[in-house]
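The structure under discussion is supplied below as structure tokens; questions concerning it will follow.
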Amino acid sequence: MKAPDLAAFLFRRLLQAALVMFVISLVGFSIQDNLGDPLRELVGQSVSEAERDALRDQMGLNDPFLIQYGRFITRAVQGDLGTSYFFKKPALEVILDKFPATFELVLVATCIIIGFSVPLGVYTAIHRDSLITKIIMGFSIIGISVPVFLTAIFAIYIFSVLLGWMPSFGRGDTYALPWGWESGLLTLDGLEHIVLPSIALSSIMLPLFIRLIRAEMMEVLQTEYVKYARAKGLRTRRVRYVHALKNTLIPVVSLGGVKIGTLIAYTILTETVFQWPGMGFLFLEAVNRVDTPLIIAYIIIVGLIFVISNTLVDLIYTWINPTIKFVGGDR
Amino acid sequence: MSTISRILQSDLFYRFSRDKVAMGSALVVMLFVVVAALSPVLAPQNPYDLTQLDILDSELPPRWQDGGDERFLLGTDHQGRDMLSTIMYGTGISLMIGVFAVLLQAFIGISIGLVSGYIGGRVDAFFMRLADIQLSISTLMLAIVALAVFQAAFGSELYQDLSIIMLIMVIGIAEWPQYARTVRASVLAERSKEYVDAARVIGLPKRHIMFRHVLPNTLSPVLVISTVQIAEAIITEASLSFLGLGMPVTQPSLGSLIRSGFEFIFSGTWWITILPSLVLIVLIFSLNLLGDWLRDALNPRLYKKT
Amino acid sequence: MTLLQIRNLEVDFPTRYGPIKVLRGIDLDIEAGERVGIVGESGAGKSMAAFAIMNLISEPGHISAGSVEFEGRDLAKISDEEMRLLRGDRISMIFQDPMMTLNPVLTIGDQMVETLQAHRNISYNEARDLALDKLREVRIPSPEARFDGYPHELSGGLRQRVVIAIALLSDPALIIADEPTTALDVTIQAEILALLLELCREHGAALILITHDLAVVSQVTERIVVMYAGNIIESGSTRKVTDTPSHPYTMGLIAALPEQNAPGTPLNQIRGAMPMMNAVPPGCAFSPRCDYADKKCSTEKPELREVTGRLVACHHASKLKRSRKAGK
């Protein structure tokens, strides 16, 4: 990877990210413009019409579109996404408070997905017709057919309600890290609470990735270069886990990038079922309360997360795939 | 008649009739469709008709459990609605939204795919880039945000009346890339074939070639993805309804039925949630098996590309 | 000294309808340093013979009978690990399409060093020096840069040079080249063949060159083996076989060469097509396409016999010889 190429690639990626963020900001702004009356939320019904108009003027609500949008963007860039009607606190602060909960849930689920899909996918590709393969593939079809929220419900019903082994909602005890991060991964109680939600969150992605890895690996194992690697006298281990696996993982990483958005959507479902105090749960509450600034803040933060993680995936993709030239994601 | 005999004699039907999994799943899907379509006749109760409900009947367990009631095979929900009838009606709503959303997806996707594949160049690059971004944002995420905004904008009462249409629109519009990509790929494949060159050589207009020659040849992959797309649409609808962004409890789909029962699950009233969940799973599972089989049978090469 | 001694080698592919024999009992001797061409149509079993020697027949195919003795050991019987140690060390293989042979995500250096390290205890730097030597030997320009580069940065011809360099890494006793030039441009083909010939001579390595192209074989090899439907049907010195082919099939092959036909006339094709391996006729497999076939040919399988200084599997070989001479 040469430096100028990398710079050009990053530039194109950033441009695309900026475009996506621009669209998202437009969506956010139009929501702010059309949803609810910020005035009423602030001052209530008791203020006279003339006073309202004066206030509107003062708040700039009668300004032309572009000026209002410009103001919205300027504030947003400075981290001011408005004040939550319900919490009476800056929306950004409310959202970021919930970020660790969602992040840790996604982190554990991602570890589950990667940790299981690669070995299982590789195993089922190598031992195509073994009994274990048939069992794994059978489970994977079922796994794909059960929506995330149902996996979550069944997990709660079986392990919390019927068996009483697992807690059914919330994060449990958290431990405050020095930089203000409330971590549930550092207490036993917190770990116990994250088991079911993270399994539920990974329940569709895991079989999806097992199937993809298996399909890719089976194809790669048929290629000439794998045959050639064996003809060179390499150990089976090296043929499988270096020659074949490396080629298998390239399209898998690419699919990982495509599935980030879906994973975020699944966090909303999982958090709702387990009342997990994360961003997705907060978002649904905000929707029900018509807490416009919070809704906007969530959309913008999720947009940012989406853009950043996609860029990261693309970087990894170009890093592991030497044949790709930096064409700015036109893959 | 000739169409039917042609179908019965076709290769596809022969393989189908020999495959137990395919036959079984098709049968289950058929059963669901028929029962759902005939639910006004078959269902013991009309769950939308409030006069038939009695609050005293609420939360009765299924008949085989202690405290079960003769009249309610699968028990009742917290409003006293017969679960069996509600599930039958709910399946109908889920299926309807799934099918209509997929019809809309197919319409938009096939149009864009045809244009993109046939015109190529910048138009193609634009649409495919858009499809990439749209796919990575994911239908569910897009639908959640869109419906959340609508709901907040319209207020939940008006939203309830519009929810069927909103769901069909949102799921239909958001999933176009699947169809567009599939159709585009087969247009590109067909375009390089000789019969298209031949049609061009004899001077047929572009539009004619596209609709009369290329389009029919793209239909088999479209059929292949449609079954799975319906399953996906039903999952999406159920997820949205579970979040409270879809069908209202007064006119429940399977998803909103599951949602309405979920709060009672801890008090031991499991059937309101678990029974429609099982129905939903069986429905989606059968559709997926059928889709898998179709994909293998019609076009083995397509298998990997999802 | 006989390096490789194949006796009655059979390879089966089991199917639902019973096993399909793709090699039907092959005998072949190769001396140290000898260059032998195996010729035949696609599907005749040439590549299968090569992969049988390497013990790399893809599942579910397997050696069902016979022996492959290499340097005194039967490769059909030794353990997987012993076989692995021979592959890429004493026996190297060059594949058909250099665009597909090298792993796209590993550097050329990695793919060379790993080969050395799979067979002996050698440090990375030593292996690197050795690999660079070999890259120079196959005349790759700026080998240091190439060593750290990826296959996709090279043309097909250069990639095949890399593959040859890998084949030479550990001074093998035998190199098997399976259609090494088929995928290359005609101009590059000659260069690669010349290089292969030169290096085999220099290192004293025996070469099995598999091809469907008689012209290629005659440039490089001392001996030709002609295969048809899983059998060897003629084998002898390159000179003899190409000048005076004795099996009707070999005659047909040579008569079909463009240079054997007057310009503007259609090529002399052999009529018909080689049988599918699951439907090889009894007796001589070539008999349905043969102009000289009689009743015996369709019932009794001809064995390889010596006829005027080469081996031929044809009931009428000696007769044909005479009639051909008389005809001329």
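A, B and C are the chain letters, set down in written order, and residue numbers restart from 1 in every chain.
In the analysis below, a contact is a pair of C-beta atoms (placed from the backbone, for glycine too) under 8 Å apart; a residue touches a chain by one contact, two chains touch by 3 or more.
Nothing here was measured: the structure is a model prediction, and the numbers come from that model.
Enquirer: Tell me which chains count as touching both chain A and chain B.
Expert: Where chain A and chain B might share a partner, there is none at all.
Enquirer: Among all other chains, pick the one whose mean CA position is farthest from the mean CA position of chain B.
Expert: For chain B, the chain whose C-alpha mean is farthest off is C.
Enquirer: Using mean CA coordinates as chain centres, what's the gap between chain A and chain B in Å?
Expert: For chain A versus chain B, the centre distance works out to 25 Å.
Enquirer: Roughly how far is chain A from chain C, centre to centre by C-alpha average, rounded to an integer in Å?
Expert: Chain centroid spacing, chain A to chain C, equals 54 Å.
Enquirer: Out of chain A, which residues touch more than one other chain, so two or more?
Expert: Within chain A, no residue contacts more than one other chain.
Enquirer: In their complex, what parts of chain A are in touch with chain B?
Expert: Touch residues, chain A against chain B: 20, 27, 31, 34-36, 141-142, 144-150, 153-154, 156-157, 161, 168, 215-216, 219, 257-262, 264-266, 268-269, 272-273, 283-284, 287-288, 290, 292, 295, 299, 302, 306, 310, 329-330.
Enquirer: List the residues on chain C that touch chain A in their complex, please.
Expert: 54, 56, 58, 84-89, 92-93, 95-97, 100-107, 111, 114-115, 118-119, 150, 152, 166
Enquirer: For the complex, give me every residue of chain A touching chain C.
Expert: The contact residues of chain A facing chain C are 223-225, 227-235, 238, 242-243, 246-247, 250, 320-323.
Enquirer: For chain B, which residues count as touching chain A in their complex?
Expert: Per the stated touch rule, the residues are 125, 129, 132-133, 135-138, 140-141, 144-145, 148-149, 151-153, 231, 235, 238-239, 242-245, 258, 262, 265-266, 268, 270, 273-274, 277, 280-281, 284-285, 288-289, 292, 303-304.
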